[in-house]
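Labels run A, B, C and D following the written order; every chain starts at residue 1.
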Amino acid sequence: MSTVIKNGTVVTADLSYRADVLVDGGVIVEIGQGLSGDTELDATGCYVMPGGIDPHTHLEMPFMGTYSTDDFESGTRAALSGGTTMVVDFALPAPGQGLHDALGMWHNKSTRANCDYSYHMAVTWWGEQVFNEMASVIEKEGITTFKHFMAYKGALMVNDDEMYASFQRLAELGGIAMVHAENGDVVAELSAKLLAQGNVGPEAHAYSRPSQVEGEATNRAIMIADMAGVPLYVVHTSCEEAHEAIRRAKQNGKRVWGEPLIQHLTLDESEYFNQDWDHAARRVMSPPFRNKQHQDSLWAGLQSGSLSVVATDHCAFTTDQKRFGVGDFTKIPNGTGGLEDRMPMLWTHGVNTGRLTPNEFVAVTSTNIAKILNCYPKKGAILVGADADIVVWDPEKEKTITAARQQSAIDYNVFEGKHVKGLPRFTLTRGHVAVHDGEIRTEEGHGKFVRREANNPVNKALSSWKELTSPRPVERTGIPATGV
Amino acid sequence: MSTVIKNGTVVTADLSYRADVLVDGGVIVEIGQGLSGDTELDATGCYVMPGGIDPHTHLEMPFMGTYSTDDFESGTRAALSGGTTMVVDFALPAPGQGLHDALGMWHNKSTRANCDYSYHMAVTWWGEQVFNEMASVIEKEGITTFKHFMAYKGALMVNDDEMYASFQRLAELGGIAMVHAENGDVVAELSAKLLAQGNVGPEAHAYSRPSQVEGEATNRAIMIADMAGVPLYVVHTSCEEAHEAIRRAKQNGKRVWGEPLIQHLTLDESEYFNQDWDHAARRVMSPPFRNKQHQDSLWAGLQSGSLSVVATDHCAFTTDQKRFGVGDFTKIPNGTGGLEDRMPMLWTHGVNTGRLTPNEFVAVTSTNIAKILNCYPKKGAILVGADADIVVWDPEKEKTITAARQQSAIDYNVFEGKHVKGLPRFTLTRGHVAVHDGEIRTEEGHGKFVRREANNPVNKALSSWKELTSPRPVERTGIPATGV
Amino acid sequence: MSTVIKNGTVVTADLSYRADVLVDGGVIVEIGQGLSGDTELDATGCYVMPGGIDPHTHLEMPFMGTYSTDDFESGTRAALSGGTTMVVDFALPAPGQGLHDALGMWHNKSTRANCDYSYHMAVTWWGEQVFNEMASVIEKEGITTFKHFMAYKGALMVNDDEMYASFQRLAELGGIAMVHAENGDVVAELSAKLLAQGNVGPEAHAYSRPSQVEGEATNRAIMIADMAGVPLYVVHTSCEEAHEAIRRAKQNGKRVWGEPLIQHLTLDESEYFNQDWDHAARRVMSPPFRNKQHQDSLWAGLQSGSLSVVATDHCAFTTDQKRFGVGDFTKIPNGTGGLEDRMPMLWTHGVNTGRLTPNEFVAVTSTNIAKILNCYPKKGAILVGADADIVVWDPEKEKTITAARQQSAIDYNVFEGKHVKGLPRFTLTRGHVAVHDGEIRTEEGHGKFVRREANNPVNKALSSWKELTSPRPVERTGIPATGV
Amino acid sequence: MSTVIKNGTVVTADLSYRADVLVDGGVIVEIGQGLSGDTELDATGCYVMPGGIDPHTHLEMPFMGTYSTDDFESGTRAALSGGTTMVVDFALPAPGQGLHDALGMWHNKSTRANCDYSYHMAVTWWGEQVFNEMASVIEKEGITTFKHFMAYKGALMVNDDEMYASFQRLAELGGIAMVHAENGDVVAELSAKLLAQGNVGPEAHAYSRPSQVEGEATNRAIMIADMAGVPLYVVHTSCEEAHEAIRRAKQNGKRVWGEPLIQHLTLDESEYFNQDWDHAARRVMSPPFRNKQHQDSLWAGLQSGSLSVVATDHCAFTTDQKRFGVGDFTKIPNGTGGLEDRMPMLWTHGVNTGRLTPNEFVAVTSTNIAKILNCYPKKGAILVGADADIVVWDPEKEKTITAARQQSAIDYNVFEGKHVKGLPRFTLTRGHVAVHDGEIRTEEGHGKFVRREANNPVNKALSSWKELTSPRPVERTGIPATGV
């Protein structure tokens, strides 16, 4: 049963051209003029693009005895609805828990996924078991990216020496280091001080995590990665300070990628000053929304290539869950949704304004991360042989975002009321048409885990350079000698 | 008569994979496993890459009643020998000469070319004729890139108002502005002062064009391009000051590309202090070689993407021609060779050290410029349908560069004695095997002119943004009014 | 007839301490405890500071057949009223006019000055006469600072080669180069384009001179000054781009000073969008007001020392004069007032907020410029032997600024309605009490011209460094030789 | 018994002028022409400058059961010999030891000092006792500056939360935070790795503390100080990365000072590659010497004001002590001398080259730190009433530095063989002529402790700004409410 996408313009990270795309057996089998198939999807007036990849989600994430409300079913349904065909979640070991053990729990959750997915492994504690399992997680599980939390002191946070040890291990194994970059010590101190001063509302969440605190941690992670000789991926880069640290690193030839979120690109800190507690609390996430100058910085980063990937950090809590934090902002669960809206919001504010070309849109929503994750061109490409993860994008289709008509399981949407122009006409996940002209036809459990290999070309190049420039002992005889 | 490249690893700007490549009728017709053809080229152990594109050459360039010594025949022969399959030369109108008229002269020279080529048009004076012909040069001739000299006062140099006018015209027409960025006024003043002080040797050429002078002009061109709303390509970016200006522009979202030369990446200013006048004079070019810190800056730019393209500015003069400047450095013809050595030198110092991945090597020698010039994927790609401009790169092949065995028509080589590892086993120009395992089989006149279209995606995006943010008049009634 | 200032706290750029100050014969004769004099001024609760120096005024400046409305009488009266005891005006030669000739005209205007003054000389054209007279202006007239306009094309503007020639001359003579930094070519082009588009209102004045245009010219002037080996003073630094260029220069050890105006520190571009044409036109000056981010940059520059001096560019035109430009913004006379309000506005927004210490306030309003101009400690100091140019500053005194009660001769005030806290109780000009607790007691013609010497320590140090690092010829024999 | 310094040129941070200086009772009593006194010192051809202040010494510092070899006697003798008249040492509490207790130990050591001195207090652990004693140390002991070690893990190092707590305490108390900025975790990891690789020589000390590690810590300390609202003083800023962090902070209006050492300004990392183990080991200090680019950065910082103070970190160990580290670089005692050579070396390489003016020399060797420490103008000034800590500087006096003729008690000198021009003719410590034309006439025990007050103007301004911009809660009613 083949499917042909007819009369569209293929748009990849590289180029745009008129062609039909023929899909069979879940993969792209032919690209060309005048193709035909069993089923025909009319892409007239549309762009045929690689489906989006969201490299940063937290579906059904354990939290205070409950879970983030979007699970792999509703979460991937929301993703597909917005043109995203792959998500990458984070497997989070509890303190002392083994990596494989944690992975097992995540594999259990993802069985209901509607689209393909992968995981990043989190390093939440350090010890010989973690050291050893890192190798097998890479080799046996095909997971090459390891996240480190520099915040959430007393919970997920690791210290500098643990980060160095883990980063060095990754350098040996050909993996990639990731960081949530905020100075956890300072966040904890500021939070305590704010609470003591009676600053208990959701706006104090933003006060407790100023951009300087993120910039500092980003800068620190970059230094540690450089010393360890490992490529670094900085998640949710939200501010100029962090972006500046990344730019400065890159201009010294370091291998660092930054990931702004669609929320930070389009929403600002004034949301926290809303008179409505619920409104503000629903926007609580870490890092918090920033001001317009930070937004401008992030957009310029996407334009210039100093930032590489747009993600969501989708971690959806209901209003009821958010209300755990009434009277104490530190108890508001951190996280917002975005999976369904990432691509339309980025298209509207990026491509329609002229900040990004359509090709750059594909790069930052799909192709760049596929390369970093080393699953390109299986993912992130419109090429023969690639998985048929495809979004047929209608640049004229419009809507106003509202929780009332969203796929996410929560009761609000941080983009409520935003008008978008540019939406999927069809979304295909490995050939299955999951979104058909506004109709959701997802298939629970269709999604498969995507294995990835270590040692991508950047790892290899960096290792060569580090070997070439490694410290050499001075050859001396008769130590000590005489002289000045 | 088809040709198949067997058993190699295809390496593009995007990815690397094992595949055979079948060529017929001058284009790539199939990529896959187990292909066969009339002729077979063994690529075992080799990388099959898009042929190099050198976007900056001056073949048979008129100079003081004579010409630069490499013409389109010897120049493109040298290019192919080193794995470069397309060159872009500069058509330089004389003062008052029309653009089409100048182009006619260049078309005459290029009839003997061994590989494909295109031109940039230079804007060397300003007037209504130039204004008008810019449109027809783009539309009829397929030339979309226009160079402006900010140096060579009294000859090629244009002033800021002329640059602004030309840049604005290009913004309307969807073209791209290029600049040779050095402050011509200051260069002229410094040169006069140096001569007056008795600083007449070739080292004074370097003294007369310090990096600050290049940085300033680069910064100025960027501002003018931003005001006019046109993308800017800065040729021969040789120093940190210019690179910094480009980085700063990019971090504000401006559309600017920088082009380091292989010479500036690998040779330094100490060459000018050589006791041998000939040695120093042979290295005289503008901008001159810089020191190690500038080199590090350029390499980091290639790694981070703040610089986009590696070129040569190939403009080869013999020792006899160089000696016009004995006793007066300002009379030494400016220019060095490099066409044959660009790719081996960059591979050796870039890929072999780990500074660049093989994919990044392809990007900066071929794919990036093909996209900028808007001739991708006809050029710069290993894709079905692309021109069969291919280099089969043997990473184990070594040689020591020497003028004694070069294709260039001049009597020396600025890379003399440099050892390189990584050389072409075969070079194909539109399917014709011009280099066959060390043997040169170029075909004079085989090369064809490459037309290009205006309005690439970056132009379109920039125009949208500039329109969106253009100045709007304040609506007032009863002008003037009363108040404070 | 001696005067003693009793019971105040002396505040200088260096330190604060309790002391009385005794004045006689126009100079400070004693500083200490328990002093007495013929007249006593009660400074209880006040700071006794060096009188302000405004290094940038245009009093009775010729313009379109008329003059800027504040002359040396009303201008210096306004100055004293606000605590400023010295102004430095610009002598502007007409095209072809000699420097001494122009100076004569300015000396004629200043006879009515109420406080001391000096001049900067403008270099508005270039030729042998200018070259020669620069020496005699410095030696005979005691004027060491020479201004160059990079804007006002067709009128005051000089080109890069003229700037280089003049800067080099100043390096020889031990003078200081000054620039009005905006790219005049681009301003002219943008202005023409805006007018053609029907953008004729005062807001188009701001559109025609974006911050990039100022940043570019600042960067260019810095490069030219560096090549010529002369210290550079950039007047009216209004934006981050210009400030960034200055910072970048300083971090390379270059000798550059930046001068923000009180207007740019406290007013923003939204003034130009006022519905009232008069309101907007009265704020027209070059550079125009900028946005909040630029303001933050300027304040940080004062805090960090990357900017050195706060001035006004006082050039006051009446509403009637402003209305020359109805229907064509390019005809609105450029300039605003500020002499009376500079110090109270800076104290209110700088010291009262904690951005500046009181000592830093003295530095940027008086001492720094006195050192740069080489008239310290005659001016800018509270030291025995210094001129008794003193302001007794009452930090509790408040007012709301209004044209209704100002000294300036014009009919409005750009700071109208601003509340200030911190005002002079007394202002002394060479011992004469010109402001006495709110009462103006200026004495027309009391002001004297302040001669200055060339070769201040920075000039000398820079010359040594430039000599040490100047280009040296390579010694060669048998030119040309043989080799590679 | 008065002393008059005749016929010299007084050079201060502000200005230079011809005057005699009369000293009596240990203070300056008159400055003027034609003064006379009981004793006359001929300053013909000399500069009469404030004596140097070295704010960073470790005299008789405990180490591995022994002490750094220069104690307060030999150390201050060396200081005076080189024109330095005050030193500031660090009181280092052992783990768990109270601040006052540690101070008592330091007061015992300093009884033999030949010149005045003060202390910084180190915060080497954190607890309620430290919190409480910080107040009494400031108020009762007159010590306002508190040092924090970010390196020396397991010994002196404090963590980020401890630093934040201490910095916040200092903000309340009006003190100043200081940091030794290197990432101690990473240094420890790198050291262990180097030893494991057989990199055991002194050059590995440099490898273990790359400039990135210092830059990171500097950046982190700046962020923490900003969050806590306290001014920050960064000791021994040795590299561009740290300097960049300081510049970046300052350009955002933060209150940070940087202190390069004379060693880092004039010596480079090649010293560690010396074939002679002793030669290399004698230069082991933290941070280690850097390369030429870092030196250039530091010099430019002094020129531009982004760096404020030149110190020595004088901590002198004999060759025998250094040899504790044969076979294990981590056991080489860290520290070099410099007290005697700081001023001649800085004059020679700074003033004689034209990088610094004589006034800037005074600023960075004396006046700036006196202001920061809040003991200006008692120290750091040539003013009536100031302590007669004076150096009469002969700019024509020359010598070659050698251990054979030094005051320091150790057996070598890291500046051995350097030729200097510019040396003290006389050095006065509170009126006592301790150096008389080459003859050392120090008086053991003459030195007194210098008390200092908290709340200098920068502290006050910063507190105002932080109060003005502190987080404010949003006023809400009916929490939570309804909405989006």
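One rule holds in what follows: contacts are C-beta pairs under 8 Å (C-beta built on N, C-alpha and C of every residue); 3 or more make two chains touch, one makes a residue touch a chain.
Quantities reported herein were computed from a predicted structural model and do not represent experimental measurements.
Asker: Quickly list, by label, the chains bordering both chain B and chain C.
Answerer: Both-contact set = empty.
Asker: Rounded to the nearest whole Å, what is the centre-to-centre distance of chain A and chain D, using the mean of the C-alpha atoms as each centre?
Answerer: Using C-alpha averages as centres, the distance is 46 Å.
Asker: Once you find the CA centre of chain A and the CA centre of chain B, what distance in Å lies between them?
Answerer: 37
Asker: At what distance in angstrom does the C-alpha mean of chain C lie from that of chain A?
Answerer: Spacing between the chain centres: roughly 51 Å.
Asker: If every chain is a node and each touching pair gets an edge, what shape is that graph: line, ring, star, complete or other?
Answerer: Ring.
Asker: Going by the contact rule set out above, which residues of chain B touch chain C in the complex?
Answerer: Interface residues on chain B, with respect to chain C: 159-161, 164-165, 168, 183, 185-186, 188-190, 193-194, 197-201, 203-204, 207, 210, 212-213, 215-216, 219-220, 223-224, 226-227, 244, 248, 272-282, 319, 323, 326, 403, 412-413, 416-417, 471, 473-474, 476, 479-484.
Asker: Sort out for me which residues of chain D touch chain C in the complex.
Answerer: Residues 14-16, 247, 250-253, 255, 296-297, 299-301, 303-306, 351-360, 371, 376-377, 457-458, 460-468 of chain D touch chain C in their complex.
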